[in-house]
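In the two complexes below, subunit A is the common chain; its partner is subunit B in one and subunit C in the other.
And then the complex of A and B:
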């Protein structure tokens, strides 16, 4: 597993909070984003576009899997692994 | 006029081995569709022969869905398609409202306390085996003014309402599609919309009546883009039928182009406004394909106007027109006194003609408010704001609080009703939030009652869970904000404008 710095974590959470239109993701990093209705197919694409533009991490949409990108913590880890 | 069943069955006689439906590994031929639907219609006749109540069909993209639709039509029953994503409590309301006595379900375990007879899809093969090679006469079949399907849509009072579409309306719609859209026999149609959404009718019946193949895309494929791309690559789709929103998602897939869908020649859109940007992107990715925009509410059988979007329109128009009316119907634009407005002026879109359905099931009050007769033809007051210029219809939004998000129709009053009824909620308002020109998500504004949650996100989560018992996920607010009280107008109503202003600040 790649080491995750607090700055990296905060940057991902900031983007996630914007995409989900909710700060809940910052307070509850294990919340199931799709099951709770915080993310949908549109938000998924918006997230990948934002992390590409703001963090320089390009994730092909074909790599996205809702089971592996289900919570804020899982998303942080997935992105850290691709840094 | 064509008879829907006869048009489908001629393919079973001519080319019984032709595949009519593909879903993942499952294949259904026209021969099998006829044989299975004949047998199940015999079973329905035998067990529910004296009963004419509609039959509820509960499932997602399984081929048994279309077998059961035809079995219902053959046995003289209207069917109610209900998707697996519809919550159990909402299905209970539909069962109660429709007086249905019989349910076929892909997941029968979801109906433990149901007083109606529930038949699981796993029992169908045994039932079919009891009636081998049965020829069914069309004496009992749904025809003419008989209701063929009922689709439940969001209702402003907190209960969904059942839109009744008779055989003659579907006949008129399918004739129009088959003749005016340049469709040919034996084409492959994409079948992406869940059956509880009437957009699905736009691929289902044109395909089956023209000997085509329906290529089903299910919700799990849409959730996993890699799977979606794989399915599209294998599909040989000729005719794409979806909301513009679904095409917008696909356009973000790097591989989505003529290369993976070389035989795709027509995009058919319905369900929401087609953004110029989406049309332009599609033209760039699929330079050889025609893009057709359509318009119509569920109450007038999927769509009543259409237009092919050409390059010059994208240059000249800010908002795309939704098209010209099908020839057997008329569009009127009326002012609040019910008089026609001058050319180009805005007013309520009223649809007249055989496409207009038979009102809401068991709801004469709502039916009388929206449906009527003009020159002897059925008419429907859409509450959509529109204008006509040179026979072209332009759509300008809603006159009430019904909205569409990514093509899903919903009444904000219904969502507000459910939210206000939740534990921990004293008072609430629901606001639709736009991204650019289109609605993107819902915001719930809540005056909380007594609760023991330490953090507001825990409260939001509990409220969302409670709401999801009654509403499908696309009707749940994405975000909640908490106020000590809601601002009121001088008329004593919640001041939504003030709330919205604050929300977008």
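And then the complex of A and C:
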């Protein structure tokens, strides 16, 4: 487990809110993004490109699995593990 | 010549069933006899193809070609991750499949090909993509062959992924886990019989085959649309149940292919429920990669345009993949248009909320509309409308 700082968390949530075009993700960190229609394949790519450019974390597309990246909290954890 | 097409004859089930007995027995005591499993694969591949020498030769050449390609690309990738290597490797991996699909138009190319070449190609193309991404760092020839020639899914999928498959190969199920797999597997196989050989058969025989379907009246074509859609689902879902069930008996959790597709509430939902292993493959390796490249290289600014182009490419390739025939290409264009239109509608609805998501009646209406939109696409696919063009 990697330690997650509030600054890191906020940065991820900001990007997430941008790519989902909704602030809901900030208030509900356990919302199922794909099931609720907040995220789709396009938003996934936007997310991966943005984290790559703004945070320097490279995630290959094949590494993104909807079950393991299902909620904002899970996404924060996944990214922290790859930092 | 005796036919040994997977799941198509009583003979296939008997032979596969007998060969499975030692696998089931060892599974129940928590063991896996790797050598015997490999032996079964070789026997089954031989039985499936030996009746047609041309196919038999084709699959051998094909496997040698793909093995060389995957091993070769892996070595190159270790030294240098240049894009050009990746594109060349992908093109070479697609090439045999391309030749086979082209043979629908060019009969001279008929000499090459075998049952299931699409599905085996999907497996190797996926591996090249994963090597490019650095997810696959080493592959032994034995591991490669076990994945590529996994016989329960060789003829028509479902399409598994290498890293997922490898995990199931490496971990031997405990007695308790295997008992569960056996139970689920047998259940699926019997569901397969119900779907393919009872419901599918009855629909084909008495509904599609009824005299009501003759002639080109609007009514007969309309009824044929429902009949064909039902047949397509029960036949293919039944096949998939056989393939998944048999995989389970071998301790491999092959992914599902269908999840109540006729209850989809929109076209996006439909592609998450219909022939899932194929649509996810296309999503991950065509749509998403196209969008990624476009955004990353900043070729285009407008994200909606990027997404639309990605969808058009995705469904066009899917159409051509079914065969280089007009009915399949129109089917692909139709789905691209529907999908893109739905995206536009969804964006509009996010702002104006004219179509509530939570209302029961609206939901029912959405399902009904979606059902007809997809049945119509299957009508195009079936070739029943070919007299129009």
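To be clear about the criterion, the second predicted complex is superposed on the first by the 83 of 83 C-alpha atoms of A that agree within 3 Å, B and C clash if a C-alpha of one lies under 4 Å from a C-alpha of the other, contacts with A are read in each partner's own complex, and residues count from 1 in each chain.
Assume a residue touches a chain if its C-beta (ideal position, glycine included) is under 8 Å from a C-beta of that chain, and two chains touch if they have at least 3 such contacts.
This one's a predicted model, so the numbers in the text were calculated from it and none came from an experiment.
Peer 1: Is A:16 touching the first partner subunit B, the second partner subunit C, both, or neither of them?
Peer 2: After superposing on A, A:16 lies clear of both subunit B and subunit C.
Peer 1: Figure out whether A:62 sits in contact with subunit B (first) or subunit C (second), or with both, or with neither.
Peer 2: Both: A:62 reaches subunit B and subunit C.
Peer 1: I'd like to know which partner A:24 touches here: subunit B for first, subunit C for second, both or neither.
Peer 2: first
Peer 1: Does the superposition put A:33 against subunit B (first), subunit C (second), both, or neither?
Peer 2: The answer is neither, since A:33 touches no partner chain.
Peer 1: Check the residue A:41 against both partner chains and state whether it touches subunit B (first), subunit C (second), both, or neither.
Peer 2: In the superposition, A:41 touches subunit B and subunit C alike.
Peer 1: Considering only touches as defined above, state whether A:79 meets subunit B (first), subunit C (second), both or neither.
Peer 2: neither
Peer 1: Compare subunit B and subunit C by how many residues of subunit A each one touches, and report the one with more.
Peer 2: On the superposition, B touches more of the residues of subunit A.
Peer 1: Quick check for you: in the superposed arrangement, does A:51 touch first (subunit B), second (subunit C), both or neither?
Peer 2: neither
Peer 1: Would you mind listing the overlap between the subunit B footprint and the subunit C footprint on subunit A?
Peer 2: Residues 21, 37, 40-42, 45, 49, 60-63, which sit in both footprints.
Peer 1: Sort out for me which residues of subunit A touch subunit B in the complex.
Peer 2: Interface residues on subunit A, with respect to subunit B: 20-24, 27-28, 31, 34, 36-38, 40-42, 45, 49, 60-66.
Peer 1: Could you pull out which subunit B residues touch subunit A in their complex?
Peer 2: By the definition above, subunit B touches subunit A via 222-226, 229, 245, 248-249, 252-255, 406, 433, 440-441, 443, 455, 457-458, 460-461, 464, 468, 473-474, 476-479.
Peer 1: For the complex, which residues does subunit A have touching subunit C?
Peer 2: Of all residues in subunit A, those touching subunit C are 21, 37, 40-42, 44-46, 48-49, 52, 60-63.
Peer 1: Which subunit C residues qualify as touching subunit A in the complex?
Peer 2: Touching subunit A: residues 129-130, 133-135, 268, 283-284, 287-289, 291-292, 295-296, 303, 306-307, 310, 346, 350, 357 of subunit C.
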